[in-house]
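Next up: the structures, one after another.
There are two complexes below, and they share chain A, which is joined by chain B in the first and by chain C in the second.
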Partner chain A sequence: MEGLIGYGVFFLTMAGIYAVLTLGLNLQWGFTGQFNIGVAGFFAVGAYTSAIVTAPDSAAHLGGFGLPFPIGVAAAAVMSGLAAVAVGWGTMRLRTDYLAIATIGIAEIIRHVLKNEDWLTNGVRGIPGIPRPVETELGLLGVVIGFVILVYLLIERARKSPWGRVLRAIRENENAVMASGKDVADFRLQAFVVGSAIMGLGGALYAHFTAFISPEAFDPLYGTFLIWVMLIAGGSGNNKGALLGTLVIWIVWSGSEILTSRLPVEYVTQAGALRVLLIGVILQVILLYRPEGLLPEERPRLGRPGDG
Partner chain B sequence: MIVIDNVSKHFSGIRAVDGCSFEIARGRITGLIGPNGAGKTTLFNIVAGFIRPDSGRVVLDGEEVTGQPPHRLFHKGLVRTFQIPQEFGRMTLLDNLMVVPPGQSGENLLSAWLRPVRVKAEERRVRERADEVIEFLQLGHVARELAGNLSGGQKKLLELGRTMMTDARVVLLDEPGAGVNRTLLGKLCESIRRLNTERGYTFCIIEHDMDVIARLCDPVVVMAQGRVLTQGSMDHVRANEEVLEAYFGGGATARREEAR
Partner chain C sequence: MEVLQLLVYGVVLGSILTLGAIGVSMIFGILRFAHFAHGDMMTLGAYFGLVFVAGAGISPLAALPLAMGLTAGVAIVVDQTIYRRLRRTQPVILLISSFGIALALRSLIQLVWGPNSEVYRSGIQIPHRVFGLVVKPDHLWIVCGAVGLVVAVHLFLTRTKMGKAMRAMSDNMDLALVTGIPAERVIMGTWVLGGAMAAAAGVFLGMDTRLHPTIGWGVLLPVFAAAILGGIGKPYGAIAGGMVIGIAMELSTLVLEPTYKPAVAFAIMVAMLVVRPSGLFGGRT
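Showing the complex of A and B:
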């Protein structure tokens, strides 16, 4: 029984971390139509930033600042945001598919830097001993849920504001937004930076939860692909959909891990590949039968003018 | 108001606009006509900042604005509509219009987060203005419909509606009448005239419907093959044989003579 509760807490904490990442991606793709397939890069920058800022002194990597958790989280969001400014500077004029190619390349560059710049990150051996903000697992879950709620409320308010309206308009038709007097490149950069900063925040939560990070964790499969499936399954453009999609896909992903881990050792690796296949099949089914996701972007009520 | 001075634009060998010069006079409704491919829309794109010309100048109110981006020209009072409607398909008609007004403080993310009361009050005003425009265009029954689901004619009205959501000084309309039914077209002309006389908008209108041009426009500029063929009153333009040649091809005047 205790084991089950423990697993439940672990499960929900990870789902919460993924929810933050998915909400960040929703701001970029769901609202603005930015095809960022480099989520893992911003996720990693956030995780490593918070780890370096808060971990105890070590000869193995940069850092030893031992600063408190809130500073680590803030630094993570700022660093990921700055990384997005740097990336966005060169790529914001690119349309969707070109941006996709650029971001996937940048995420891979970031991963290779993490792997090879030992002085900074201790390379493939990773950074251990990242402090936790609270002692208990349950307390940590509380912290993560707190951040999910905060991010959700901020993004939801942004979505309903004139700012969010301009972003959705950019997604629909850039020319008309230009003709409406808005600086499209500026708004695109803002959405990209804020979304990436939120991904960095998710990275920080991940680092403090696992207490150990290595470049492996920011593989495109875990760091980008899963998050995309979560958003598409839940419903791009809808923040509640992003949360629901995260939960559903995380249930499938970790549930299938429980099943495959019971197989004989020689099959476990092969079964791991099948789990990826399973997620891929789910994605295909959703795209075919429910392309707008479980909770589509809110449709306006069809009603008389002047109501609401 | 706007001086177009010897503007040229080539697209890989095609001379879309070829040394075009004319003036859009303040307070007037200038018609821009010409056969398909004459370069009218390309010229609009250049004036509105969507395309940079290869050579030539565009002067707005005495200030050279050649090659400035559309959003900057918008804030100088220059607004355009599109020949093919450019609506925000998955947004309501109401939201389509509410995007337009300049200076909304809620377009700043920090204000949107930290000053919700102020943003909400502004939204109410923007909403009221959008409601007025929608009523003016008689689109009340589809105000909350997604713009992508509107009919072709309704989308044209949405294009015109956008220009009414800001205090424009000069409006470039690219075929506002195409696909709009006759009754509505009459109303459209009336509203263009009202915006012109009551609010002092300057217009330049590309249109193939000669009734619309004759009713509204003075002067009329005729373009053909990227150049200005002639300009003047509608009667003057009608009487010009070169215009007939341009519209109906070589020998049109000769054939007309024969037919007599």
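Showing the complex of A and C:
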């Protein structure tokens, strides 16, 4: 029984971390129509920033600042935001395909840096001993859920604001927005940077939850692909959909792990590939048969003359 | 001397990137989306080659046409079952789909051939020494093979009706459709061309180093960089782009760690996007 509760807490905490990442992606893709396929990169920058800022002194990697958890989280968001400025600056005026190529490029380069710059990140051996803000697992779950609620409220507020309307207008018809005198590239950059900063925040939560990070965790598969499938399954542009999609895909992904873990040891790597294939097929099925996702975006009702 | 030696490696890498970039450039030009599964299509081609090399005991070069044919077939099947049905929506949906296809292809490859490295031929090749430069026989075959394929692509694009139709659709879609070009047939032709060239690039990659389920994914970024540098929809630009990126990546090892080679491709690409997004030869943006 205790093991089951323990697993439940772990399961929900990871789902919460993914929810933060998915909400960040929803701001970029769901609202603004930006194709960030380097989520893993911003996720990793956040995780490593917070780890380096808060971890105790170690000869193996940069660190020894020993700063408290809130500062680590804030630094993570700022660093990921800065990385987004660097990527976004050159590509915001172009078709979103170019942003996709640029973001996958930056994510791969970040992964190479994490693996090779030992002085900074301890390379493939990773950073251990990242302090936890609270002692108990349940407390950590509380912290993560707190951040999910905070980010959700923030993005929901942004969605309803004039700023969010401009973003969705850019997604629907860029030229019309330009014609009404808005700086499209500027708004895009804002959305991209804020979304990436939220991903950095998710990275920080991940680092403090697992207490150990290594480049493995920021593979494009776990760091980018799952999050995209979560958002598309839930419903791009709908924050509740993003949360629901995260939960559903996380159940499928974890559930498939429970099933494949019963296979004999010699099939372990094969089983991993099978799970990825399953998620890949789910994505194609959703795109073909329910592209709007489980909870489609709520379209604003058009007012008729005479209404309010 | 070291610079000359790196130039040799750069030309070899450039030949491989060129073959990948031709497909990416034509698909982007005609179907209007960045095909993220192209790297994994290369991997698939490399493993198809392995089936014949290991199974029938023929050389990788002899297996090349078979691998190209099979991969072109897979490209057609993926297009007809999935991409074709998504074409009615925005092109960017195709981009997401292709990202999923990339991972699905890679996991299929892992399921069938396992996660470990494979080689076409074990043992050491005796390198030729030309004016003090070390040239492996496989390097010569790769460059000659790539030149042959590029000439074939050139003849196809300029001498056949299908090739001309492809260039027309890539240059100006609306104008091409008005003249009654059969769009669906041209799209299928594009997948055959792109898939076959990707397979050739994959087999050459496997000849140059070794086969691994992520070899194609590893060169996807340089391939995109080559296509963008040359100009989207410009197959001849892809050749120039591939060579520039390949040589720049190898020369960078004079000052940088070899693991940062893709970063060099990335830097050139971003600089190009900022300065002249239409590429060296004025492709589409």
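Simple rule for what comes next: the second predicted complex is superposed on the first by the 299 of 308 C-alpha atoms of A that agree within 3 Å, B and C clash if a C-alpha of one lies under 4 Å from a C-alpha of the other, contacts with A are read in each partner's own complex, and residues count from 1 in each chain.
Convention: a residue touches a chain if its C-beta (ideal position, glycine included) is under 8 Å from a C-beta of that chain, and two chains touch if they have at least 3 such contacts.
This one's a predicted model, so the numbers in the text were calculated from it and none came from an experiment.
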| item | value |
| --- | --- |
| Which of chain B and chain C A:Val166 touches, first, second, both or neither | first |
| Partner chain(s) touched by A:Glu297 [first = chain B, second = chain C, both, neither] | first |
| Chain B versus chain C as contact partner of A:Ala158, first or second or both or neither | first |
| Which superposed partner A:Gln190 touches (first chain B, second chain C, both, neither) | first |
| First (chain B), second (chain C), both or neither touched by A:Met178 | first |
| Touched partner set for A:Leu138, first chain B, second chain C, both or neither | neither |
| Overlap of the chain B and chain C footprints on chain A, listed as residue numbers | none |
| Chain A contact footprint on chain B (complex, rising order) | 48, 50, 69-71, 74-75, 79-82, 86-92, 95-96, 98-100, 102, 104, 106-109, 112-113, 116, 119, 122-123, 126, 131, 134-135, 140-141, 143-146, 162, 166 |
| Sites on chain C touched by chain A in the complex | 28, 33-34, 36, 82, 85-86, 89, 91-93, 95-97, 99-101, 103-104, 106-108, 110-111, 114-115, 220-221, 224-225, 228, 257, 259-260, 262-263, 266, 269-270, 273-274, 277, 285 |
| Of chain A, residues touching chain C in the complex | 33, 35, 37, 90-91, 94-98, 100-102, 104-106, 108-109, 112, 115-116, 221, 225, 228-229, 232, 269-270, 272-274, 276-277, 279-281, 283-284, 287-288, 291 |
| Complex contact set, residues of chain A against chain B | 154, 157-158, 161-166, 168-169, 171-173, 175-184, 190, 194, 297, 299-306, 308 |
